[in-house]
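Both complexes below contain chain A, partnered by chain B and then by chain C.
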Partner chain A sequence: MDFLRKKFDEIRKPFNPGGKFEKFAPAINSIDTLMFVPKHNTHKGAHIRDGVDLKRVMVTVIFALLPAMLFGMYNLGYQHFSQLGESTAFLDCMIFGAWKFLPMLLVSYGVGLAIEIGFAIYNKHEVNEGYLVSGMLIPLIMPVDFPLWMLAVSVVFAVFIGKEAFGGTGMNIFNPALIARAFAFFSYAPQMSGDKVWVADASTIDAVSGETILGQLAAGAESSWSVLDMFLGYIPGSVGETSVLAILIGAAILIATGVGSWKIMTGVVIGGAAMGLIFNALGLNALMEFPWWQHLLVGGFAFGAVFMATDPVSGAQTEKGKWIYGILIGFFAIMIRVFNGAYPEGMMMAILLMNVFAPTVDHYVIAGNIKKRKKRLKAA
Partner chain B sequence: MAEVKEALFSKQNKALLSDPLNDNNPISVQVLGICSALAITVQLKPAVVMSLAVLFVVIASNVVVSLIRNLIPGRIRIIVQLLIVASLVILVDQVLKAYAYDVSKELSVFVGLIITNCIVMGRLEAFALANGPWKSFLDGVGNGAGYALILVIVAVFRELLGSGKLFGIEILGHKAKTLAESTGLYSLGYENNGFMLLSPMALVTVGIIIWVQRSKNRKLIEQH
Partner chain C sequence: MSQDIRVKKGLNIKLKGQAAMTTAAVSRSDFYAIKPTDFHGITPKLTVKAGDEVIVGDVVFFSKGNDRIKFTSPVSGTVKEIKRGAKRKVLAVIVESKPEDQFKDFGAANPLSLEKEAVLEKILESGSFAYVKQRPYDIIANPKDSPKAIFVSSFDTAPLGPNYAFALKGKEEAFQAGINALSKLTEGAVNLSVDANEASFFSKIENANIINVSGKHPAGNVGTQIAAISPVNQGERVWTVSAQGVATIGELFLTGKYNPTKLVALAGSQVKKPQYYTLSAGQNIKSLIEENVNVKGSRIISGNVLTGTKIQVDDFLGFYDNVITVIPEGDKYRFFGWLPFVGSSTIHSFSKTSFAWLNSGKEYDLNTSLNGEERALVVTGEMEKVVPLDIYPLQLLKACIANDIEKMENLGIYEVAPEDFALVDYINTSKIEAQEIIREGLDLMIKEVG
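Now for the complex of A and B:
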């Protein structure tokens, strides 16, 4: 690795203080950080137990996302070829999926990081790693045939309005990836919903139907997929959301490293299950009769619970608050699914809604704790 | 009493005109009259008509109230002001119904709601009650124009990006059912942004205007 380091140091010379391109130092530093380690050292005598910094947290999330991403790519090819009745060899599916997915990933990272670097240069601070995860999440929660320029516009909106307007990484009140999706959903509804977008080329080839399970149910039809398919992820849907198994692997990584809160994840599942049970008891239409535990397997529920709701910036911070926050997300997600025919998937709305209320939840949890301690003080 | 006669367009009076356009904009700085800015900026035409209506009402009510400001008893001044504003708004409404029926239909209740537009009442309370008719006139022009400026900017963005038109004319080309029949940008696969037609986007657009304005005009940033 040493020769790489030396080579890179040579390249970055003009960017060092006093150099010709000093102003653009954040740009080169971000590449440096990505490849090596962050270029800032501790100056005072700090007592470091573990070198967990923003970059390590973000990279952990990316590792956790990899199974869902890889399976998503495979599933893109699988859905496409199996509906056409062609062979679904693993390699063919992977190559087809990569061909469809990698441009989305490139656009998301390219546009997002360009804006981040622009802001870093303008505001004279270093580029921080916040966008690494958002940039990967955004293509994972989009339908496969979403035009790239629309993706780029959504990313611009998410980074500008969802993030930089509030002050950049760590200051945003909403999850930026979900802002991108919400923007895309309301701006380009025909490309973001319906029965033609969830499988590659469904809009141009008649033999391919791109309907999701929730779409079928909302239309009053029965789901035509087996439970095992739902769990393993052989169903149409946004790129990364289909495989509950792959998402659970990601969840295990997040929980084991302590990056994602297991309280929020469990809370979401409990809330969703509770709401599903209530609707099962009522059982008035196809969506209400859909078994509660299958609700947890389809759509973006698992993906949202593991990767979106656990965002440490926009979620609740207090331990008790995490439970309340998680449970309410699950609760609202299923409620929106069942009651609002216009949004077959409620996870996005539910998380964005609870993002708004997370500070309120935290406030009351803290206020309650203060009250309890005051009482204890009086009693003593 | 020898009063020093002030020039018609003295520095102070010019400031009355120019301040509301930037440093003291009723929408982007004082954040007044937001409801109508959100509601009727989907298209440029109703936004322009609405701006003109508000411009007229602000100017006329400012001048009228300023003329009788010494006759209005302080305790019932709000009622008197409301009466004046209301009669002016009814006048505007009738004129619109007679000469621009389509636009009047589109604006519907929002013309009537000019009565409660905070900008109008705000100027009466804050300015016309304490100043002479000429100054009040200039103040009315300035604030009406400040309101119009933001409304038109927002409406241009929303109509252009939301439906690809300006004043109902297709600027970005014609969108047909298939890609091949479309012209202009649409033939490249461009799509209108449906979000722009919803009011949250008007709020975001106003927010962006405020952001840009404050980053250019640093003294507007509040210190904490």
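Now for the complex of A and C:
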């Protein structure tokens, strides 16, 4: 790789200190460090360092997202063609899905990274890798036909207000991807909810129904999908959220590598199941009667539990806190689902709500430790 | 009396070049240095000037803040130079050695038959009080304090750490005398931690509370042992003395001489034949390094790879250091090296985003690469795995960065020293300098609380 390194060193010359574009160094550095781990040596503290860095952690999350993304793309085509009664050959579905999804991905990354690099130049720090994950999450939690310009505006809002306003990566209170979705949801409701948006072209072709399972249930109808479809993901919904199987593969990657907290994931499932059981016992409407374990399969529950709730920055940061945080997310997600008829999905709201309370949860967990210390002082 | 501690958290990093249990001679150096920079927080008041003659044990400078704390020459010779840095800060007092050492006589005595003040006075006069450090703050103790306990760790779990049972072979009597002397200085106990997995003479030491410690690094750190036995509360003082320091203090009482020579391990993958050498604190290491080390492209560290200080070929052994580690410098780009699992066989990682954990017995030849760049604090839950204290490391670090004194107190700043956070330096994903942050936090506490 020496040739490539030399070529790149030539290209980046004007960006080096003293060069013409010195100010824009973070931009070129972000490309540089994407190709090569820089040759920085330790100059204080421990003389040796672990092989892990933030880029590796973030890329692990992206790898974990790939199964959900690939199935999501396939399912875009599958939902569209199957409702039209056309061939659902694998390749056709994939090409259709890619045609629909890749522009969303490009807009998300393009707009988001441009702002991140802009802020890095302005604040004179290096570009943090956080957006590599957010940028992929955002299109995965949007409906397929969401207009690209709206997506772009949502990304701008998420990065500006959701992240940089708080001081950038590591400082944000809310999960940036969910901020993008919440912004889109409240600003562009017709494109984000209802029964016309969850399958490609459902709003323009009458033969295509874009209703989700939760939508059907909220309207008082029975779910028309089999449990296997729910698990495998052959159902309408946001691009990446439908396949529990693909999400579980991602969860396995996150847990095995230790990148995602298994405590939060388990907590969410426990909380959701508990709330589902309570509602099953009450059984007042279709959503309450919907079996508790199927609640965990539909909507954004699994995706949120694995990829959204586990965001270490906006989530609880203490190990005990992670359990509480996770359980409450599951609890509220199902509660919001059942009580809020206008918006039969609770995961986004539940996670954003708990993002707000995560510092409080941590505060009380840490207060226990402080109390122990003070008690010891008194005894001494 | 003996107690057991099992340290469950932590990490052993195995490196190539562990010092063999053999010793080799090293010729007497021409120069020795007493470096105020070895003693954190001490402002030196010099008592010698260039051209003065000194013998071993003569005072070279004392602490401006406390004139009872003296620092003495490790060698007989002539003061050659007072090395100064910016703002005339004294960096080192350099002594050109004579071929033979003459020792100042502080008078042999049995510490057990002396009063506390007499024991303390002798230690202070000889300059060996520098070995007595205190928690909180990890600085040289104040002789006026009466510590609630004294802790001595007789083993080192850091990567390529020296084996004190070997290094102190033949000094068993001195070590016992040192423990006897220390037992006079505290109302509480002298706690001597010994490696539960290795039998040594330390277990048979009297006048000390023997603590059998097992577990991964930092099990051998006094900080870990204090936290488990007698955590430091606000206002309390615990003293700590290194094993080599105890022997030096003991020898003072046995012979009346201050003799800071010790067996020091020369270790690391760049060392031709890693083993032990007899060196004196402050000894110039040029000939030792040039004869035994591949100098080109190497980093020479006085101390271990986690807490040591980078030095040059013609530098001096640090006062507290019992190992000189030499490892390769990084200086290499790695194409797509940030991909998960890439480089698992050559680059150790605590994280499971590398396969290194599958091969925990492997010895690595690690270099000084940062393996990334500093980033915002994102990942949570990793620091807790290597800090076996009952504190929240991430939150404490953040409190230190924010200079929030009340929060630092609440979160346990009095219980920590930079070395307790050395593994956090190593494992943290964001490449933040945890030891430096803790040091600055402690310095702030000294200034504000004292």
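Things worth noting here:
Following the convention adopted for this analysis, the second predicted complex is superposed on the first by the 362 of 380 C-alpha atoms of A that agree within 3 Å, B and C clash if a C-alpha of one lies under 4 Å from a C-alpha of the other, contacts with A are read in each partner's own complex, and residues count from 1 in each chain.
Everything below uses one rule, namely that a residue touches a chain if its C-beta (ideal position, glycine included) is under 8 Å from a C-beta of that chain, and two chains touch if they have at least 3 such contacts.
This one's a predicted model, so the numbers in the text were calculated from it and none came from an experiment.
Within the superposed three-chain model, A:Tyr188 lies in touch with chain B and out of touch with chain C [touch as defined at top]. Here chain B and chain C are compared by how many residues of chain A each touches, and C touches more. Once the two complexes are overlaid on the shared chain, A:Ser87 sits clear of chain B and of chain C alike. Of the two partner chains, chain B is the only one touched by A:Ile161; chain C is not.
In the superposition on chain A, A:Met150 contacts chain B only, with no contact to chain C.
Look at A:Gln317: by the touch rule set out above, it reaches chain C but stays clear of chain B.
Taken in their complex, chain B has these residues touching chain A: 189-191, 193-196, 198, 200, 204, 207-208, 211.
Contacts from chain C toward chain A in the complex involve residues 13, 15, 159, 231, 233-234, 236, 299, 301, 305-308, 310, 325, 327, 329-340, 343-344, 347-354, 356, 366-382, 384, 390-392, 394-395, 410-412, 422-423, 425-431, 433-436. Of all the residues in chain A, the ones that touch chain B in their complex are 147, 149-150, 153, 161, 165, 183, 186-191. Remark: chain A residues 1, 4-5, 33, 35-57, 59-60, 63, 126, 128-130, 168-171, 256-259, 261, 312-313, 315, 317-319, 322, 362, 366, 369-370, 372-374, 376-377, 380 touch chain C in the complex.
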